[in-house]
Amino acid sequence: MTFDQILFYCLAAIAIISALMVITRRNPVHSAMFLITTLFSVAGIYLQLHAEFLAAVQVIVYVGGIMVLFLFVIMLVNLEVVSTERRFNKQWIIALIASAVLLVEFGYVIVRGGKSSLLPPVTGPAQDLTRKNSEQIGLMLYQNYMLPFEIASLLLLVAIIGAVILAKRRLASDK
Amino acid sequence: MADVEEKVITALHDHDTFLDSSELIINMGPQHPATHGVYRVRLHLDGEKVLGAESYIGYLHRGVEKLGEHGDYRHYGPILDRMDYVASVSNNLGYCEAVEKLLGVQIPPRAQYLRVILTELQRIASHLVWLGTHAMDIGAMTIFLYCFREREKILNIFEKYFGARLTTNSFRIGGLQFDTYDGFEAECLDFCNDFPRRIAEYEQILSDNRIWIGRTRGIGILKAEDAIALGVTGPVLRGSGVKFDIRKAFPYECYADLDFDIPIGEMGDTYDRYLVRNEEMRQSRRIVMQAIEKLPDGPIMGKVTKVIRPPAGEVYHAIEAPKGELGFFVVSDGTTTPYRTRIRPPSFVNLQALPPMVRGQLVADVVAIIGTIDIVLGEIDR
Amino acid sequence: MVTTTEYLILAAALFTIGVIGVLTRRNIIIIFMSIELILNAVNINLVAFSNYWQQFTGQIYALFVITVAAAEAAVGLGIIIALFRNKETVNADEIDLLKW
Amino acid sequence: MVEYFLIPAVQILIIFLVLLLFVAYATYLERKVVAFMQVRLGPMRVGPYGLLQPIADAVKLMFKEDIVPAGADKWIFMFAPVITMIPAFTVFSVIPFSDSHTTVFGYPVHLYITDVNVGILFVLALSSIGVFGIILGGWSSNSKYPLLGSLRSAAQMVSYEVAMGFAIVSVLIYSRSLSMIDIVNAQKDMGWWFAVIQPIGFFIYLICGVAETNRAPFDLPEAESELVAGFHTEYSGFRFAIYFMAEYANMILISSIAATLFWGGWLSPFPNVKALSFLQVVPGVVWFFLKVFFFMYLYIWLRATLPRFRYDQLMRVGWKYLIPISIGNVILTAVLRLYFRT
């Protein structure tokens, strides 16, 4: 087993265990903590895949931005009753069965795909992922993917406005 | 008044909060760095916005009023030192004058001037404590130590004169116990000559500071009519633009002979009160300098019998203490013990203005407003 | 050397866990977190394929997914706050009216 | 093996220990400097001139009882200070103290732990984690003042991070690299510190840096007069010490980044002026620490001088002034860079 593999299995184990914790913890703050752990190990996996820029973005945006927002909202809507309530909804057995089916499907596809090498071979000139990662991503974003980039920015703008309007306190005159 | 009360009550039952669910109730105090003692204010918050406030007092209650009815007239003085403990001298002045009024005693001019000098120095010291703690509440920590540096000079004079720094006591019914020590005048003048430079220093740090202005301008506005309705006195009243000072309105001691101005504010916000108190320190300095110049020779004790036995009757006498009108209502039944000693402490009455002032402000402003009212818990709880 | 298949297995596991979370939990905030898990699983796939083909496209796609996740979290949490304000609950199965 | 594991491990250990010492003496520096500004002496009792005061403080805090409030979320409460401290110390692994290197036992050793090509992103990423320790510490205390403090700090740190990021971007436009070493070298090539080229970005970074570390006048999360001690009201003993250390480590960190990005890191002042080349006799490390010291002094100076902002004023400054100005600065810089390509 190489160092690479040991690292991968550690990260994967952390990711999966904490993901399981996310969906089983009673307290949303604990769930959020474990989600942060998952996000970190996913960032580590990005590093293994030579995506340094993406790993940094993952931590900055997900951990530093989205999860702070999550914690903020959890604290705002903090209910005392949460700790005594049922955790799962009534149809959880059906949900588990459905998910099991999904997992089996995934497993089948991956095992089959892995064995018969269904993945098409590399097409086009290979790009060197290891050199100047952020610079190359930047160039591609602003040249090849200009339109999606602009659309993404528009989406964020819409999200900002939408979030503000949704969360805004309703004025007395509106009621 | 009823209007103000109405506002406070509606504030407490107004449930228009951020999540339309529950308001947050915070107990500020009795253990809190910014409540200036063991004072507790219960804040009803919507996020950071204050919906209402209720004061809970009495943590420092020592039965000062009741103690006055158990000793003879002279014994009350040292107890009163502990009332407004940052302005002990003023407490004694009010009480002694009330009893003198009851007795009908005239005190000698030298004693009058000395009393004025000492109480005005005490006013400066008290205002310095106020400025230091107020600025510290708002986050400017250095000014606190600068203020205490100057206060130290006053306390050194006090220590030499009274033999004590905090609970000073030399005012007696009929005059003073001690005459001045050698060099008293020189030391007072020395302080007064140095003092304008120091006030300029404080104002240089604070007055034009944009953060300071942002934290005090328009915060805790008390309109003149509200201030009068609430019975507020002292710098808080004058900050609201009402030109009322007992030293001018009902001159006692030798204030009629002295020349000084009464500064008033315009808007009645925290910044105005800050300016008013700063100006009051300057005016007190003026008074001290004039009084030292005019200080007559002569006895320091009037004609008072060994045992004080005022004729049956009652008297109310108020002085302008650093924090406002400090009134003493003394009832005599003709014996050597007062029948009733009722105190009207300025902090207690001024504190009433807190709930209407903090309504609609933010949590951070509450400490600024508590600071600007300038309360001393020893005086509130008595 | 870690093969692409192993990354895909990890992604599949995370995806399924996310789906279980969405389907079984009552607390809407945790449902949201499960959705983040699903998005992350997808991102792992994208980046793994990007590594396999030695192309940046996958990474850039993942970048867009993160952008969408950010937008989604902002709006979603806004909805939760609005919901909580009106219904005083964050349980998905108690929010069963189309209009109130 | 030695090159990949042993040397970095030793380097990390040395830098960690040196940093701990720096953090301890940063508290001493602060107390002394503030004391002198306030016409008093500061710590004088422990050791000559109170020099052993930080050690005495550390010992005291170690032996204090570690109180966990009733109803607190015990695990999160115990873990939260560590979350704040770890990133504060980890970020120093990409701070270049100097570019000079020596040979130890035949192996080349640099005066920095590592140089990664996403250096500044790494810094931003890790510094955005520190806020969790504050939020969780405040939340898990099961007390109202800490909760208010942590909500304040969450909002504050998230909003000021935006402007700070844009201030850094304006530097990156000139440096054309995210690596900390390359950023300093770019300043060497240009012959100017970026603070001269990017004054607006520099000031925005400074303001945001003070706000990020929750220091006066932006010390709302721990505003003593309002929220008692903010998010760490319920903490005592060693856990409080960890928060305290993290705060000072963050101050040193922000100062180091300011020195690296805007004041040319280990470069001597005006590296291109021939007449000043004698300054290069002084080793780069010394220049670096002098610069860091200056920024630390600035922190203390601000604390001794300014009153505290109010929460809404803070948000207004952040969102209405700093962020628009910093975005405008980035656009202006980009346009200038495009038209005056050098």
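Residue numbering begins at 1 within each chain, and the chains themselves are lettered A, B, C and D in the order written.
Keep in mind that, in the parts below, a contact is a pair of C-beta atoms (placed from the backbone, for glycine too) under 8 Å apart; a residue touches a chain by one contact, two chains touch by 3 or more.
Because the structure is a prediction, the values reported are computed rather than measured.
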Quiz item: When the mean CA coordinate of each chain is compared with the mean CA coordinate of the whole protein, which chain is closest?
Solution: D
Practice problem: Give the chain pair, either A-D or A-C, that is connected by more C-beta contacts. | Solution: A-C
Exercise. Return the distance between the CA-based centres of chain A and chain C, expressed in whole Å.
Key: 6
Practice problem: Calculate how many whole Å lie between the centre of chain C and the centre of chain D, each centre taken as the average of the chain's C-alpha atoms. | Solution: 33
Quiz prompt | CA centroid of chain A to CA centroid of chain B, Å | solution = 61
Quiz prompt | Between chain A and chain D, centroid-to-centroid distance (C-alpha), Å | solution = 29
Quiz item: Residue numbers in chain C touching 2 or more other chains?
Solution: 81, 84-85
Quiz prompt | Residues of chain A engaged with two or more neighbouring chains | solution = 53, 57, 65, 72, 76-77, 170
Quiz item: So which stretches of chain D touch two or more other chains?
Solution: none
Quiz prompt | In the complex with chain A, residue positions of chain D that touch it | solution = 73, 76, 116-118, 121-122, 124-126, 128-129, 131-132, 135-136, 139-140, 147, 150-151, 154-155, 158, 161, 178
Exercise. Under the touch definition given earlier, write down the residues of chain A that touch chain C in their complex.
Key: 2, 4-5, 8, 12, 15-16, 19-20, 22-23, 25, 28, 31-32, 35, 38-39, 42, 45-46, 48-51, 53-54, 57-58, 61-62, 65-66, 69-70, 72-74, 76-77, 79, 82, 85-92, 95-96, 98-99, 102-103, 106-107, 110, 113-114, 119, 122-124, 126-129, 136-137, 140-141, 145, 148, 152, 155-156, 158-160, 162-167, 170
Quiz item: For chain C, which residues are in contact with chain A within the complex?
Solution: 1-10, 12-21, 23-27, 29-30, 32-34, 36-37, 40, 43-44, 47-48, 50-57, 59-60, 62-64, 66-75, 77-82, 84-85, 89-93
Quiz item: Considering the complex alone, what residue numbers of chain D touch chain B?
Solution: 34, 37-40, 144-145, 148, 216-217, 219-220, 223-228, 303-313
Self-check item: Residues of chain A that touch chain D when the two form their complex
Solution: 27, 29-30, 33, 36, 52-53, 55-57, 59-60, 63-65, 67-68, 71-72, 75, 132-134
